[in-house]
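All remarks here apply to the structure that follows.
Residue numbering begins at 1 within each chain, and the chains themselves are lettered A, B, C and D in the order written.
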Amino acid sequence: MSRLSVSLPGLNMKNPILPASGCFGFGKEYAKWYDLSVLGGVTIKAATLEGRFGNPTPRVAETESGMLNAIGLQNPGVRNIIENELPALEKYNIPILANIAGSTEEEYIEVTRQISASPLVSAVELNISCPNVKEGGIHFGTDYKSAADLTRKVKDVSKKPVYVKLSPNVSNIVEMAQAVEEAGADGLSMINTLVGMKLDWRTGNPILANKTGGLSGPAIKPVAIRMIYEVSQKVSLPIIGMGGVSTAEDVLEMMSAGASAVAVGTANFVNPYVCPEIIEKLPELLDEIGMENISEMTGRSTKQWKTPLSSR
Amino acid sequence: MSRLSVSLPGLNMKNPILPASGCFGFGKEYAKWYDLSVLGGVTIKAATLEGRFGNPTPRVAETESGMLNAIGLQNPGVRNIIENELPALEKYNIPILANIAGSTEEEYIEVTRQISASPLVSAVELNISCPNVKEGGIHFGTDYKSAADLTRKVKDVSKKPVYVKLSPNVSNIVEMAQAVEEAGADGLSMINTLVGMKLDWRTGNPILANKTGGLSGPAIKPVAIRMIYEVSQKVSLPIIGMGGVSTAEDVLEMMSAGASAVAVGTANFVNPYVCPEIIEKLPELLDEIGMENISEMTGRSTKQWKTPLSSR
Amino acid sequence: MRKHLLKVTSNREIARNIYEMKLTGPGVGSMTTPGQFLHVSVGNQSSKLLRRPLSICDVDHDQEEVTLLYRAQGEGTKQLSQKQARELVDVLGPLGNGFDMDAIAVNKRALLIGGGIGVPPLYYLGKHLKKKGIEVTFILGYQSVEDSFYVEKFQAIGETIVTTVDGSLGIKGFVTDAMGACVEDEPVIYSVGPAVMLKAVEDRAGGLDGYLSLEERMGCGIGACFACVCPTETRKSGYVKICSDGPVFKMGEVVL
Amino acid sequence: MRKHLLKVTSNREIARNIYEMKLTGPGVGSMTTPGQFLHVSVGNQSSKLLRRPLSICDVDHDQEEVTLLYRAQGEGTKQLSQKQARELVDVLGPLGNGFDMDAIAVNKRALLIGGGIGVPPLYYLGKHLKKKGIEVTFILGYQSVEDSFYVEKFQAIGETIVTTVDGSLGIKGFVTDAMGACVEDEPVIYSVGPAVMLKAVEDRAGGLDGYLSLEERMGCGIGACFACVCPTETRKSGYVKICSDGPVFKMGEVVL
């Protein structure tokens, strides 16, 4: 147990940092840049039952302090992932969080059944919030009842703890979180991307072939912090926080808001070394504020309340 | 009729640019910087029935490419505004859009009754989307039925066209827009701020005394563009677009998405001259793309569809 | 009121994380009143949107040069500290109402009390008061000797008492711990610092005349956004805007 | 694969909005293959998050200097064009697979076809092929004479045919309009440009051997995000990633 270690259902992490789903492929690309065993864990790209090609390109666009993506859940299909992608990750000996997507309840259930049975998978992350494919689960992600039903059914077949990944594109994130908690989720991942769009002002055409896409990056961090803050006070599930994290300071901010672990997405594109750099910096920051264990950061914001500004 | 002029219910504007509510006070401060008569119009700070002090400070925080505010609808009350603030704007001879807030239906109705009767007011903007006060109307803004009811009642008493200002913090912005359209709104203003939060990572405390605040600025522009794009295809009301606009290019992007006029908020704080600078730049940009009248920009994105990228 | 593009003539660290930035340009001509501030843009095309309010610390009208002293603390001021000579800095100002120097009688003494980065505006103020023939005493509070700056420059204007929290320079303690003897001859008090310090100064001053310069997070900086209000019992509206009604207020006027 | 902080040695406009940036640093040592690219960060602490893929245009291994040519078009490249000598630029690379130069027989000619900012990588490629003893012909397409660059430098390597859309330099028309005579002796074709141009080149080439370098908007640039895929009928997966499987593909391999 080091001062950075955190423990969540199925995920015993030596530090709270893991790459976010879809921003790290299946790990092998970043493995060319650094030794993945330094990570607290890794979230792999969404798996669907059959392989999917995804949306036409362009699939990404840049926005102020953020980016839009409309990949469309491209992946080689769950069988392929289990057989060809997961084994390469085994040697790093870090928890693997398998992101699961589908168009129908049956698809989610079957993917979960298969992938949760892999001894290499530590937990599954139910992606009911992909905004980029019509049948990508976003309807499960914005309707409480469907989300709860799906969670229940997936829990029934899953051999590993189930994290439900919430969409921020909802009127009431707390009710959604409560619904999936009641349905038996073991944890929450939040947030997925905000639905956004960018047009070329010269032509009036959308930049993305899919027209709309998911907004990620520092631009959305305030929304993520707020949602984690609100949800963590109303549910007792551990939260894997994400959305715009790119520095060690962001990690501590997000944990203070209520996250138990933190996933880093878009920032990997800006700096492929961002995860190890954050991990290396964390102890320094803990020292600076006189905190021994990082796990104590979780939910600090709701445990105390002092007037700010006067701190200088 | 110049090439920049646009015409919306109650708002005959010589150009599509107006400052957004809450970012321009009642005009007199910016009048020290430039002649307000260059503007297409002006939106004044929210009016409530009685004067309000608003939230404790700090009320603003900075985020990546954005800011949070939790002003809390501070204003001197509708009587005061009519008597002391509006007359100073008369000499600029530009349309005045009066933003209206309240805690109860009765308050909205009474404020509308009073302010819409002022000959200086061209139209009213129903703020059912202020995230910063418990009783600031956000409950009207996230529930279709309350929004529609309120719109209907306000329309009944208003002597001027009514624009309903929508909250982006909803699962389905289109349904909300359709609900207020059916209820008789003359136009839409969108978007208000996204609810967000920032914590001091050192202490874990929120920066804002109100804890959460409204996120504005370039960070939210992709969300605004997407919502305007979606809504403009499903309702026939004119839209005053806003959210992160800070350049003339942004204005044309937002009009392409479906806006008929564009409000500029946060950018005024970055550059007090931003509105006149945008207005001056617009004809240049229209020339560059060979467009004669700016009103033709509205909704271009949905009228054509070419593959991008190949444009270089 | 205007926006100016001023040119950096120098920008150097003069104490731990404290930078002295000198800027030049025609706009400097209007910066005549101590206690006013500039609303400073920290970078172009940057993700830091909001301007930073920084007090005018000194003005050399012959050279058209204004001096700002700031602590590189958060992201914005750190970015500012990277500016090199000849780069341009976009500022609004001078903004706000400075210190009222007409109100002080020539036979009065002035006691200028500043804590941390509240110290800078006292320099320009002290120079002005001295020029008016007022005898000036400074009480300057720092964390420790490494954080102290401009002490000799203040000494050149008037008696200068330094306090440090850790006792590494001058009196150990807070500015208020040094006020005792200084208030005996009933000076007019001018104080700048965080709200807690101003409150303590006001309490210690026990009814003397004085002026306080307040701080608050700002949006527009010009009175339009209501970000920077402070409650008051002396005005009908019930509040003042620090950016445009202040940042300087008569002692007792605002509720700290 | 690595991230490098390279130092700008020069950055100047060589044609309308076209900049030539030279960068130096130890990282340059690994940049040996024509057709590879660098993933370039346009600014620090900036609101522009995504890197810009820019092709290696030339490398001087003695000087440890790499040359990039880019069009300052959007916000990011405009920001890049502001970089001064001695500033640092953060780049990933070299990334991707470059042109296969082993496949070409020594008695073959090479026809290198580039349009607009597809031209830069052909320079390094041409130099390499010439060094191998291959005779090289270039067809370079520009909008107009003001947009043309490096023409004399290409002429120093091999025969260079220029086309401009407005006819202000060389042949009026597109690169494909100049291909006719050049393909008669069945050269190996190497082409870089927008998809529409590559498609036209492929059609004109009528079955000749060749290589195409593709362009697509990228996220990671290293194969992890699936932003830059292109359909293919020749691989089981049904797609290739332009950043890591390409950007260079054998003609016919991908569906344009």
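Just so we're on the same page, contacts are C-beta pairs under 8 Å (C-beta built on N, C-alpha and C of every residue); 3 or more make two chains touch, one makes a residue touch a chain.
Chain labels with UniProt names: A, B = Dihydroorotate dehydrogenase; C, D = Dihydroorotate dehydrogenase B (NAD(+)), electron transfer subunit.
This structure is a prediction, so every number in the text was calculated from the model and none was measured.
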Chain pair with the most C-beta contacts: A-B
Which chain maximises the distance between its CA centroid and that of chain B? D
Rounded Å distance between chain B and chain C, as computed from the means of their C-alpha atoms: 36
Taking the mean of the CA coordinates per chain, how far is chain C from chain D in Å? 55
Where the centres are mean C-alpha positions, what is the separation of chain A from chain C, in Å? 45
Chain C residues touching 2+ other chains are 47-48, 216-217
At least two other chains touched by the same residue of chain B: list those residues. 58, 64-66, 207, 217-218, 309
Which label fits the chain touch graph of this model best, line, ring, star, complete or other? complete
Would you pull the chain D residues touching chain B in the complex into a rising list? 47, 73, 116-117, 194-196, 215-217
Within the complex, which stretch of chain D touches chain A? 1-3, 41, 47-51, 76, 92, 216-231, 237-239, 244
Quick one: which bits of chain C touch chain D in the complex? Just the residue numbers, please. 43, 45-48, 75, 79
Mind listing the chain A positions that touch chain D in their complex? 22-25, 29-30, 32-33, 45, 51, 53-54, 57-62, 64-67, 69, 71, 74, 76, 207, 217-218, 266, 268-273
Residue ranges of chain A in contact with chain B within the complex: 57-58, 63-66, 68, 142, 169-172, 194-207, 209, 211-212, 215, 217-223, 225-226, 229, 244, 249-250, 252-253, 256-257, 285, 288-289, 297, 300-301, 303-309, 311
